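We call the chains A, B and C, going by the order they appear; numbering starts again at 1 in every chain.
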Amino acid sequence: MEQVIANGLYLGAQYALIALGLTLIFALMNVLNFAHGQMYVLGGFITYTIYGQLGLPFVVALLASGVTLAVIGALMEKFLFRTVIRRSHREESTMLLAAATAFFFDAVILLLFGEKQRGVPKIVKGVFNDAGIIMPYDRLVVGALAIIFIAAFVLYMQYSRVGRAMRALAQDRVAAQLMGVRVDRYSMIGFAMGAMLAGVVGGLLVTITGVNSGIGGPISIKAFLMVMIGGAGVVGGAIAGGFILGMMESVGLTVLREYGDVTYLVIFAALMVFLSVRPNGLMGKPWG
Amino acid sequence: MTLNRNTRIAAVVAFLAIVFVAVPAAISSSGRFDLYYTLTSVALLSIASAGVWLTFYIGRINIGQGAYALMGGYVSAILVMNHGWSFWLTLPVAGLFCAAASVLIGLPILRLRGVYFAMVTLVLTEVARLLALALPITNGAKGIVSIPLPGALSVFGVTLIPDFATLQNSRLAFYLLAVTVMVVCFAVMYRLVNSRIGKLCQSLQQNEELASSIGVNIAYLRVIAYAVSSFFGGVSGAIFAAISQSIYPSSFTVTDSVNFMLNCFLGGLGYVFGPMLGTLVLYFGWDLLFQTGQFQLLIYSGLMIVLMLVLPNGLLSLAEMTRKKG
Amino acid sequence: MAEMLEVSGLTKRFGGLVAVNNVSFSVREKEILSVIGPNGAGKSTLFKLISSFLKPTTGEVRLKGERISGLAPHIAARRGVVRTFQETTIFRNMSVRDNVIIAHHLRSKASLFGFFLGTGAAKTDEAAFGQSADEILTLLGLSSLSNETARNLPHGHLRALGIAIGLATNPSILLLDEPFAGMNHDETMRMVEMVRRLRERGLTILLVEHDMPAVMKISDRLVVLNFGQKIAEGTPSEIQADEKVIEAYLGSEDEAIGL
C-alpha cells in the first residue's frame, strides 16, 4: 500500500510538471500544444547526449535540456504561432500548426537520434528500503527535484513580475493589453517556459525510464488527460491532474496487473464519466 | 455558393467523368495499376475526413475519427469471418453500428467544447485501439486476417456486383467501389450543408446559446451530425478492411485521426469539398516524398508548416483570395 | 386583462450567493413590464430563469397557466418565451437576412429530413421565412443591410438585429435584456418607438434596462430588484415616488432614477 502511494507520488510529480507546461501555453495563447510530448523526448535526448554520451555532469545536461527547449519554444511562438494566430480566421488553425510541428519534431528526433531505446547511467546508486517502501535513490532524487521545480514554478507565477503579467494575460488578453502588459513578449516567455518544463522532465526521466523516439505522441496524450482532469489553463488543475493520473496509474498497475493495458482503458472510461459530470474538469474555467 | 446552376451541373458531370472514365482509362493505358491503390485510399480517407469536416461544421474539433474507422473495420470483419455475412450487408451495418455507438459516446462528450472536445476525441482513438487489443472478439494484437474478398451481390437473381475474387482486376473494382461511396457521401454532405440543416449547423458553430434561444434543439442536432460523421468513418473503415483483407488494432491510430483533421484544415473548413482536396494533396504529397527516404516525414511536415504560414485558412481560400482581388 | 406570465417564489442560488431571492410578479397580456435595479441586482439571472436557461433553486414560472421553468431553453422557446441577450448575440458569420431566416426555425413545418430531401413543405417554409424575414427587417429599419455579414454591423444595428432574431421566433412574450445599452439618444428613442409598435402588434414584452428616462417612458409597470429581492412594483409614477427604490438607487453609486 505505502509502496503504491510512493510510486504514485513519484509519477505524479513528473506528470504534474509536464501538465504545467502544457496548461501554461494553453492559458496564455489558447494553443493546444500537440508537440508537447515531442519536446519532452527532445529534452530526454539532450540529457542523454550530454550526460550519457559526453559524460558531463547531470546538472549541466539538465540545464542544457531546459535552455534548448526554452529557445525552441520562444522561436516557435515568435515565428510560427504568432503569425498563424494573426492571419487565420479561426483559432483552430493553431491546432494544425501544432500537429505539424509535432510531426516535424518526430522527424528531427528520428534523424538525429535514431529509433533505439536509449538509457543513461544512474545518477545515484542504491535503494531506499524502509517503512514498507522500496524505492531506488535515483527515483527519490528525481521525484524531489520535480517537486522543487513545481514549487519554484508556482512561486514564480505568484510573486515575480513576469509571473504576474502572465497571469493577467491568461485571465483576459484584451484587458491585460489595455493595462499595458506586452502581450507578444509574455506570450513568448510563456511558450518558452512551457517548452522548458517539458524538456526538463524529459531530462529527469531519461535517467529512470530512458527515452525513445516513439513516445512523444503517447506522452502528449497523457498530458492531455491530466489537463482534462484538472481543467485546462489552470495551474492548480494541472498539478492536481498530474498527481491524480500518477496515482491512478500506480494503483491500476498494481491491481490490474494481470490484465495488461486494461489500466488505461479503465482510466479513460472513468475520465469520460467524470467529464460528463464536470465538463470543465476539477478547476477549469467554464467554456463559452 | 456563387456558381450558377448550369456551371454546377457541368462541374459535377466533369468530375464524375474524370473519376469514373478518365482515370481508369489513363491508368490502363499507362499501365500504372498501383495508382488504383493510391486513389482508392484517397477516396476512402476523404470519406472519413468528410465526417470530421461535418463535426467541424457544428463547431467541434474532432480528432476521434480513427476510432470509428477502426470500429467499422472490425464490425465488418467480424461479421464476415465469424458469422458468414456478405460484405455488402456488413458495409451499411458497420456504418450504422458506428453511428449508434457515436450517439452513446456523443451524448456526454458533445457537451464539451473547444480543446476539451478535441482532447477527449483524441483519447477516444486511443481507447478504441486499447479495446481492440483487450477484447477477445477482436483477437488482440494478431488482428483479424485473411478476410475473403467481397462476394457477389445479387438482388432477385440479378447480379449487380460480381464476386471480387473472380475478377481479374479487383483493384479496379475496389477503386470503383470506393469512388462510388465517396461520391454518394459528398453528395449527401453537399445536400446537408446547402439545405436548412446546414444553416442550423452553422448556427451551432457560431453561437449555441443563441441557437437554443430561437428554439433549436442543439443537443439533438449535435448528436445527429456526429452520428452521420461516425457513419462515414465506419463505412470507410469497413471498405479498408475489405481491401487489405485484414484489420489490426494499429490499422487506425492517433496519427490517422490527426491526419483526418489535417485533411479538413488543409482543404479549408468553409468548403464542403475541402476534405476531398485536402486528402488528395496530403496523400499524394506524402507519396511523392517517398523517394526522399528518411527525410520524408521531415520534408512533409516542414512543407505543412510553411503552408500553414502562407495559407492559414486552407487551400481553397486561395480561390477566394484571387476572386476578391480580381 | 389576462395574465401571460406568472413568476412565483423564484429563487436562484449560486453557491452562497442568492442572485434571485423569492421573487414573484406577473406580466399581463400585451403589457410592457420593465425590471430595473442596480448592477448585480439579479435582473439577467431572472431572465435566464424565465427563459429556462437556468433551473430555479425553488419557485416556478408559468406561461398562460402552464409551468415552463426547468425545461430546456429550446422547449421554452417553443412554448413562446424568447429572450434577447445582454451581450450582443448574433450569428456573426451569417448575413443579416440569414440570421433572421434561421430564427424562423420554430415555425417550420417540414422535418429535418424533409429539408434534406427538399420536399414541398420545406420549399413552402423557405419561401415563407424569406418573406417574413424581409418584413421584420423592414420593421426594424435593417432592410438596407440585409445582405451584410452580421459581424460588420454597427453597434446600434446589432442590438436591432438581436431583437429581429427574437421576433422571428414569433414569441408570446419577448424578454429584452438591456436593448438600449450603448445607444445614443436618437437611437434609443427610435428603439422605444419600435418596442411600442411591437406591443401594438400583440406582443407582450418584459424588459431590463438601465436607461431610466426610456424605461419610464415605455413601461406600463415596473418591478424593482435589489440584491435579488423585489423591493417595489407599480406604475412609473408610483415607482418614482417610492422611498425604498430611491434609497436603493442612492445607495448605489450615482445612477439617477428621475426624469
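We take it that a residue touches a chain if its C-beta (ideal position, glycine included) is under 8 Å from a C-beta of that chain, and two chains touch if they have at least 3 such contacts.
Keep in mind it's a predicted model, so treat the numbers as computed, not measured.
Participant: Tell me the shape of the graph of touching chains, choosing from line, ring, star, complete and other.
Facilitator: Contact pattern: an open line, chains touching in sequence.
Participant: Give the label of the chain whose average Cα location is farthest from that of chain A.
Facilitator: Farthest by centroid: C.
Participant: Let me have the rounded angstrom distance from the C-alpha centre of chain A over to the C-alpha centre of chain B, please.
Facilitator: One centre to the other, that is 32 Å.
Participant: Taking each chain's centre as the mean position of its Cα atoms, how many Å separate chain A from chain C?
Facilitator: Measuring from centre to centre gives 47 Å for this pair.
Participant: Chain B to chain C: how many Å between their CA centres?
Facilitator: Inter-chain centre distance comes to 43 Å.
Participant: Enumerate the residues of chain A that touch no fewer than two other chains.
Facilitator: none
Participant: Counting only residues that touch at least 2 other chains, which ones in chain B make the list?
Facilitator: Chain B, residues with two or more chain partners: 209.
Participant: Residues of chain C touching 2+ other chains?
Facilitator: Within chain C, no residue contacts more than one other chain.
Participant: Along chain A, where are the residues that touch chain B in the complex?
Facilitator: Residues of chain A touching chain B: 26, 32, 34, 80, 83-84, 87-90, 92-93, 95-97, 99-101, 103-104, 106-108, 110-111, 217, 221, 224-225, 227-228, 232, 259-262, 264-265, 268-269, 271-273, 275-276, 279-281, 284, 287-288.
Participant: Quick check on the complex: what are the chain C residues that touch chain B?
Facilitator: 51, 53, 72-74, 77-78, 82-83, 85, 89-94, 98, 101-103, 105-106, 108, 112, 115-116, 118, 122, 125-126, 165-166, 168-169
Participant: List the residues on chain B that touch chain A in their complex, please.
Facilitator: 56, 61, 105, 107-109, 111-116, 118-120, 122-123, 126-127, 130-131, 133-134, 208-209, 254-255, 258, 261-262, 265-266, 269, 294-295, 297-298, 300-302, 304-305, 308-309, 312-313
Participant: What does chain B use to touch chain C in their complex?
Facilitator: 191-192, 195-197, 199-200, 202-203, 206-207, 209-210, 212-219, 221, 224
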